[in-house]
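Heads up, there are several structures right after this.
Common to both upcoming complexes is subunit A, partnered first by subunit B, then by subunit C.
And now, the complex of A and B:
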């Protein structure tokens, strides 16, 4: 009904005076004749820490500028100096989206925003790499102060600049067509080298951020109550860590000191734009390796658990590590408060783990792009003596499964890693530990924390002629073979570290099919069999709506990320046991809180048919990954102490981008002055007519026909 | 910032009607009532036109069909309002008399042209409002028209045409009422004829295959010519003449001489 009345209204408006319709397509409103909206939702947004605001924001009403497609250096000069239709919003190709160019443009008063074309991104566009992160990621929050080693050589800290203009990324070909073929080419592209004049085509970028200045300010403002309502300006970054322990020691048994081997990796990354967080080498390689390792090691779980003297193994997936080690610092904080893992009060709980229980710490960092075809072991120099045996064992197991390990020559510092949080707490040389990475010195990953860190950059893509998703799902890639080798070696190593016994590669062989599946699910499409199998029936619809891989950005604490939930599920599936149960009783019933129960969709009964849900019992837990700076029991945290991460994300309403024409100032002034002249002249004229009405409308010399009694007037 | 275009076009379309309202209507409650009532009658004609448009499904896309019938409905409702106003003369007279003893007929009632003018303006303001408000509403944003190939003069043409129609309705009101009073039926024919003519001319604003650029001037120039002729006719009908204009332009003294 509403649409009918709108059409009606419109048609009548047209009838009575103007028939302003264009050709065959009749837009519903005048607005549709002025604006062409774009679909892009990939905008750069604002983050705030204790001292700064970083990222982008438009003005409240949006930023408007004439479109200029940057192709040569002359265009840079045109936009920054000579063009007359300023302000501009330059359109950049992905290869031109480099830190120096963006900063140069952002600093100019003549530039009101930037649009970057990100359709069909390939890493070959940027041979020198691109990273939104700093050259020293997480600088100042590890156990080394200062930036003595530039690990991330491709990073110039673009995201860490307060750009103060909106930047949008176009990932749909349709958007690019709209802005280039319907806006730039017909109206703005110079003809024979001659720049166009008004009217020109412009673009408006709308991405206003609520928060400003720094985290402390926006949190304080969010806590103010105005007019009995609360406005939230920013939220702390954070999510959940996923952890599981192999031995599940109950709270009524003691946990000996130095009896837990922590094996960890990080889950999150970031990039410049919302919705573009692929993170293939940055974190997916580590996550997949660790999950495959867990599955391999759990084959001998019964044996390890039955050994009285064996050590416990804890697998940890840390969230928020890209933003000054949020997940690991929170876990450590909880450990110190003696409440890790968290319990809700059953009779039997998992025995708590503390710093003193940790026997050694193994971390997987980026492991996809091997420098000199080898993995590199980075060791805390102060604990080097205690790790000699460990490294030797790992090298030995590696050799048996085609995986080469070498020690990194960098002697004085560790690459950015969650381990740094623990080393800072443990004190000098008391925690035997190492980080497994693919880089000898600086990162081999030239796209660390960026939107170009995609599957093809780590050799996890498929041959061009392989289009069937089912085939892709099961396909071996060079990367999956490497990860399988690494996972097998690591599982053997962990078995030795826990029990002191040797094992054969066959006993603890990681399954390459699982690795193939996980790489496909995390990097290509979440709509895959592994995720469908493990997910709860309630979430199946939501999962299958997603055609793009899930983002690896940590986001804010209010909800659990899809990636976190999926890791939890897959880990639960790999390490759990099927127990009888239905949807209703697939939960803790015997008040033994050591175990989690997951109700999964389960296997398909027939190919493509309905599924038979199953219940998995395992020890996988989520633990909070919000910075201790924002913890409920944290009192009077010194915001400038740099002890804990203080990153918050600003809230925003919408991201909008649309193209339209803008008239010259001259034309607008003419229209306005014409209007004002009309108003003033008619005011004067009507005043005169009214004042002289008696004279003007007197029929001179003749009787005034309408007057009943002429003498009365 | 085409907020400037917004105000420019608003002033062009509604500046003169605003001035007319301010100096000739606003101070007199009776005139305000008649203005609103005539505007209401115009709205009724709009309602009827839309019902017809809504009912005749196959012709919804044909602008000409709706346009012709809408003009006829408007003129029909102008006639109905005339009838109503004449029936209400006694009542209006009573309302405007301050005391019962007054034997003087108020000028508004005695001079029939005044109410004709007021009701014409009521018709004009409402039709003007409906024709340009949707344009103005979308004009205040940062953009102007043209990305789909529309003429940059679209807003300006809309504003000028709106003004033209508001003034035309005012003059048509005077002619139409006088024609009925004096049984000069050529006046009524003239009003209906020019209304149809100018409305149909606006069809030229729609670009077609053979003529991709809208001919705004082809509707605006004849529209304003008709406005001029109609204005002169209305002025003469209401008792104006060149002599009067000259008399009004001369100094005040002459006026007292006549009295």
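And now, the complex of A and C:
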């Protein structure tokens, strides 16, 4: 009995010690010992239109290749011809990420993918410019067919190539260190000019796309239920347009023909990589100018609205324009169906607007980088006679607020603009219209639709020694001064166009502080006072989690983009009136659908303290911005008609990038064949043992009882 | 079932049932028939029913070969042409691969 309890005690002690030891051990999975994962989520993905697939995709199991950091032309030769540890995945600096180099690499069988370093991008990385778009953006979908004017000279259509390899962009310094100092330098970098041999360090890129071939195919497949489940392969690109009308004419009053002035700009841009859609000159300058103009013009809203004969002014922010004019073509489609703006059936609605109501169309395109310090007015040549007075007025108002306008000498075509959609519908010369841009001929913006279209490229960055975000938020920049001048002139112009009356710059002065705030919020950080003021309390947490500016890519239609919502909110704040309300009753209660009500976080009670939410009543609306090709009531759309945009985005599961060591093919073959030989030998051996079992294992007649411990009995 | 314990006339009945059963799109039944009765048909010493069994076995073999040929031809054509058939190809596919036309 005594011995038993001692054994038990020893056993318990042993268990205790063992468990203590195990808790000290940090078990490491084999996966973690093999791979170093990178954080990057910025991969190039696949888009599809009626005829093509473009962009990038890895194989379904990922693409692997030896890391090679490209620094000289010799490296190009090494990767494409002489290197022996192929296939490769070259690592490019941002300056080398040019269309010709990427295409050369992508077309080679020896290249399995590309990684580009995009840490702290500045425009000086690519002095000759870079644009992922074509030299004729939206070619074939505008009023003018063909590509007789190369507007986007820096564009060589990189995104519009079917690259068929994965491409990742590294924006975190930590990722770059992992791939260069822990992978390239110790294992792959040539020593004294001598190339390394296996084992070498490799990188695996995983960005497999679901969709293939073209939009028609992937949409059709998404609608099939073949294997008892639905797989979505791709989704149409699209979002919402933001619109507001100054006079808010109700449905029981008539809207005379030629009585609406449309003033528009575009919201979206694109670039090569997920999460990298800055769009400073491409669209932010236009968005900020238009918002500032709206606020300025609304100072005299009561006066304009009270004039019986005055024209209405509609502000429109178009989404999806970078992909063959999605937003504007859908708005026009809705207009033709006589259901724009959309209503849900209240007693009083906004009077509908149709093509025949549009008196003139003014568009702001890129306005940040002024050619010869002037803005340029592009006019549809066929409508030129009708615009003479308009342009003269705008020039006059510009002069009063330090803004120069000139007429573009390009006689036969307009730059890519939403106006193209409306001109196509209006017919020759019947729509007085002009586009305000910063370029006399080809774009001055060398980074149109690219990830280098950042704040510093338009002079909206801050002095190096200004690090306080509060200071930055309120700082005047060269760009904010220019935008303020333009917005003031435009507001005066619109006032004249609507009422025929003159105004002074003081009456309609745009507020430079608002412009500063908007530029900071859209280009530097969305975690700013303006956005916090205007956003609904429900979305405050989501907003403040974002440290990076929101992306300007249109994405798919399933949800409203943050940028769209913020434009809607800021416009509602700028043009709205505070009304009494609470979170529950800040909505349409009198069935007057002309108005929207926005519950905003409102001002801070004390600096840095809690906020006092307010209700804003305004006429801001969202309207659908999905291509008519995908509209519910569109039947039998001819996919090849090029009438409407057909762009869709492929779905994907994951973007993964990781580095690890790979041995030579020869070594891998050796390991495999050794295993196979061992298997065969052991099978033969076991067969032999089995066959000779009688000889090998003689029965001695020992009973199992022998094995029982005699001490226990 | 051990054929050694079955009477000769029952063997013939069994072989015949398998041959007929194969006609309802069950080529595996013919294949099994051909394998199972191969010894009975060709390798056993002659007995009364053997001639008919042999006939059924040969017919089952031919049926199997025709089926295999047909299936292989269809699979080959389907795999090569599915993408170019477009909508028709998709509608007769059970699994549509991701990332390919």
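Keep this in mind: the second predicted complex is superposed on the first by the 666 of 713 C-alpha atoms of A that agree within 3 Å, B and C clash if a C-alpha of one lies under 4 Å from a C-alpha of the other, contacts with A are read in each partner's own complex, and residues count from 1 in each chain.
One rule holds for everything that comes next: contacts are C-beta pairs under 8 Å (C-beta built on N, C-alpha and C of every residue); 3 or more make two chains touch, one makes a residue touch a chain.
Because the structure is predicted, anything quoted here is derived from the model rather than measured.
A.B. asks: Touch check for A:319: first (subunit B), second (subunit C), both, or neither?
C.D. replies: Touch partners of A:319: none, neither subunit B nor subunit C.
A.B. asks: Under the stated touch criterion, which partner chain does A:188 make contact with: subunit B (first), subunit C (second), both, or neither?
C.D. replies: Neither partner.
A.B. asks: A:213 contacts which: subunit B (first), subunit C (second), both, neither?
C.D. replies: Once the two structures are laid over each other on A, A:213 reaches subunit C alone.
A.B. asks: Name the contact category of A:30: first (subunit B only), second (subunit C only), both, or neither.
C.D. replies: Only subunit B; A:30 stays clear of subunit C.
A.B. asks: Just checking: does A:224 make contact with subunit B only, subunit C only, both, or neither of them? Give me first, second, both or neither.
C.D. replies: second
A.B. asks: So, A:564: does it touch subunit B (first), subunit C (second), both, or neither?
C.D. replies: In the superposed model, A:564 contacts neither subunit B nor subunit C.
A.B. asks: Comparing subunit C with subunit B, which touches more residues belonging to subunit A?
C.D. replies: B
A.B. asks: Overlap of the subunit B and subunit C footprints on subunit A, residue-wise?
C.D. replies: Looking at subunit A, the two contact sets are disjoint.
A.B. asks: Tell me, which parts of subunit B touch subunit A in their complex?
C.D. replies: Going by the criterion above, the answer is residues 1-2, 4-5, 7-12, 15-16, 18-20, 22-24, 46, 49-50, 53-54, 60, 63, 66-67, 70, 104-105, 107, 110-113, 127-128, 130-135, 137-139, 141-150, 152, 154-159, 161-163, 165, 199, 202-203, 205-207, 212, 214, 238-241, 243-245, 247-248, 255.
A.B. asks: Which subunit A residues qualify as touching subunit B in the complex?
C.D. replies: Contact set of subunit A toward subunit B: 4, 8-23, 27, 29-31, 33-36, 62, 64, 182-183, 187, 199, 201-202, 204, 658-663, 667-676, 678-680, 682-683, 685-690, 692, 694-700, 704, 706-709, 712-713.
A.B. asks: Touching subunit C in the complex: which residues of subunit A?
C.D. replies: 57, 59-60, 208-213, 217, 220-221, 224, 226-227, 231, 233
A.B. asks: With touch defined as at the start, can you tell me which subunit C residues reach subunit A in the complex?
C.D. replies: These residues of subunit C touch subunit A: 83, 86-87, 90-91, 93-96, 98-101.
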